[in-house]
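The data blocks that follow each hold one structure.
Across the two complexes that follow, subunit A remains constant while its partner is subunit B and subsequently subunit C.
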Partner chain A sequence: MEKTGFYEALAEILEVEKVGDADVLREFDAWDSLTKLSIIALADSDYRTVLTAKDLDGIATVGDLKDRLEKNGQ
Partner chain B sequence: MNLRFSNKAISGILTVVPAREVAFEQEMANYNFSPAKCLKLKLAMGYGKHRIVAGDACASDLCVRGLTALFDRGLLKKDEIDALILVTQSPDHFMPPTSNIIQGRLGLKRDLLCLDICQGCAGFVIGLVEAFMLLEQEAIRKVVLLNADVLSRRVSPRDRNSFPLIGDAASVTIVEKDPSGGPIHANLKMDGSQADALMIPAGGFRCPSSPETARLEEDENGNFRAKDHLVMKGDAVFNFVQTEVPPMIAGLMNAAGADPGSVDYFMFHQPNRFMLRKLADKMQVGYEKMPSNIVENFGNSSGVTIPLAVTFNAGERLLRERLKICLAGFGVGLTWASILMNVGPLAFCEMIEYD
Partner chain C sequence: MNDGGEHPLDLRGRSYLVTGAASGIGRATAVRLSRLGARLICSDLEVPGLEETLGGLRGSGHIARPFDLRNVDAVASWLGEACSSFGQLNGFVHAAGVPCVCPVKGLGLDRLREVILVNAESGFALAKAFVNPRTFAGSQGSIVFISSVMSLVGSAASAGYAMSKGALNSLTRALALEYANRKIRVNAVAPGFVKTPMFDKTSAGWDDEQRRRVEALHALGFGEPEDIANAAAFLLADESRWITGTVMVVDGGYSAQ
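On to the complex of A and B.
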């Protein structure tokens, strides 16, 4: 799994320079349905994980998302 | 399930799109989304312009336009049609079947099987499978497969989930016996437990249309739609496609003993460019072999997108050449189905407009 690329890929999706584990997903300006779909696609392509929009609503921070993807992607 | 057919072929494909073309930018103001975000949506998903019917044009109108063009040009004779299959989710009426209406409007012979099939995104593949099965009968020599939908009439113009990508269209595909036709492999699967992933909740007998079902309501993403409108769970559909389609195609190739590298085109249903490119990446198929340009040029017209992809991307080639084509449809039902077959040289393979 391409775990080293997680922060870079997420920063690109969220249209910011960088992201940190404590950042709250829903507080990003770019947080919308299209961003959610991009993360769902990232989960599928890089982590072979099925993530739903509802799953994402229950994930608070960047670190939580990383944990979720890595747990399922193993 | 895996299916196998022999001695059958497609001999011509004609697609019909409404003359009315609308650009994404002309509709952006309808969406509860900033112009900047709308443009990002357009780029990411691959939206451009789409063809949608003006006024109250129906599925049968598009089909009659296509069939009349073929009769007028001598490419099809009325009395040689033994079965008329129409795959649609936007019938003219609940009863009678729209295929019977088309038969009547065109004065086709009475010794004819008319059959409506309610299928959507996988409707071209399901319709072909039905046509191949009918052709097993001695009395049935030529089947006309019609795919037609005018679903723009049931999508909320204020729903940026579905309206930017919807398109209306019809196709006429001639399927007939062909002693020289090679083996045709097909497979299909269905999952009705996810029936609500793509649906029009109201308007049928379960929930008849009323002033209540016509009222626009806002969802959590700021889209406005009524129960009379199509609603799609985009994330569920995305995950379904990425999870189920690659193994379906691998199974098809395996059953056919075919090398994916020998396939000239993967002509797949066109939900949007985003989803198709992710699918191509996952299947390790080059983008040039899996066209994804139908939504940006015409919109997603449900079961008609595969014939549109064929006529738009390979129309000229298929008049001269024989190509190995993998067809796949996936979506509403849920239904997913695929076919591997040789196609061409065809008597006709082109697109016309409906005014």
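On to the complex of A and C.
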């Protein structure tokens, strides 16, 4: 499990320079089905966590996503 | 060849290795081959699943040899050791593989290399080790790689997986010519979406609409592991003796459109 680099990896997926905990996921221009798939893949490969599209719909912010991944990945 | 009295895909007296045998297509293939009379080495890194598979096989003399195919450098010694107690093989079905549903922007090079390692490089290592005289029985040789329809048609978020399976297709054709004079046929099966644990993992990110859309792309609906096992059995049996270097598409019509 690799927790360092979460913000960098997410920023790359969301196609922005950087992201912060308060940023709302669905407000990013790049928020689409491929972006969701990328986050699901990140959860699997770096956090060994199975995340579904429905799970993602219920996660509001970058910080919420980080909490979810770190909680599941423990 | 079959003269009418035996099952046309009779594999009695034959021995094969099946990788990825703990679940899904690998398990269904092992079960199918055992029912056709073959004796098997079943391999996977998931030991409990492997033991469950072994318990469901028909006939006797099958063995389980857990192995992590990421250790490609150790494939030759592992296979040689397995065959020293089991006996020589007529071929193998390489069903082991890892899924990779990820758009390029989320696919790191480390992950890409791991997918290619498990799905393609391990196939090369197995084929290279197989021709050793202590491994290959010397007759009726047949190798079957489980590829994917994703190696033949484009799909978003499949770059890594498609690359790995495309490499298997190319390996299939090259080996078919290189191994022909050794009396070893080499073919691949390219499945569409098949209801396996890997499919469950792959489709975890889909919503209901996506699932309906992907299933609709299969004119015959999603496949069952047994559909792929049947194709693999055919490609091992003498009924396919003039077939080598092919990628047999078994996809319920996915690539027909």
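Keep in mind that, in the parts below, the second predicted complex is superposed on the first by the 74 of 74 C-alpha atoms of A that agree within 3 Å, B and C clash if a C-alpha of one lies under 4 Å from a C-alpha of the other, contacts with A are read in each partner's own complex, and residues count from 1 in each chain.
Everything that follows uses one rule, which is that a contact is a pair of C-beta atoms (placed from the backbone, for glycine too) under 8 Å apart; a residue touches a chain by one contact, two chains touch by 3 or more.
In this text the structure is predicted, and so the values were computed from the model without any measurement.
Chemist: I'd like to know which partner A:62 touches here: subunit B for first, subunit C for second, both or neither.
Modeler: neither
Chemist: Kindly classify A:42 by the partners it touches after superposition: subunit B alone (first), subunit C alone (second), both, or neither?
Modeler: After superposition on chain A, A:42 lies in contact with subunit C alone.
Chemist: Is it subunit B or subunit C that touches the larger share of residues in subunit A?
Modeler: The partner with more contacted residues on subunit A is C.
Chemist: For A:19, is the partner it touches subunit B (first), subunit C (second), both, or none of the two (neither)?
Modeler: Neither partner.
Chemist: Once the two structures are fitted together, what part of subunit A is touched by subunit B and by subunit C alike?
Modeler: Of subunit A, residues 33-34, 36-38, 40-41, 44-45, 50-54 contact subunit B in one complex and subunit C in the other.
Chemist: Which stretch or stretches of subunit C touch subunit A in the complex?
Modeler: My answer: residues 100-103, 105-108, 111, 156-157, 201, 204-207, 210.
Chemist: Under the stated contact criterion, what part of subunit B meets subunit A in this complex?
Modeler: 33, 37, 40-41, 44-45, 161, 221, 234-236, 238-239, 242-243, 274, 278, 281-282
Chemist: With touch defined as at the start, can you tell me which subunit A residues reach subunit C in the complex?
Modeler: Going by the criterion above, the answer is residues 9, 12-13, 15, 33-42, 44-45, 50-54.
Chemist: Of all residues in subunit A, which touch subunit B in the complex?
Modeler: Spelled out, the residues of subunit A in touch with subunit B are 32-34, 36-38, 40-41, 44-45, 50-54.
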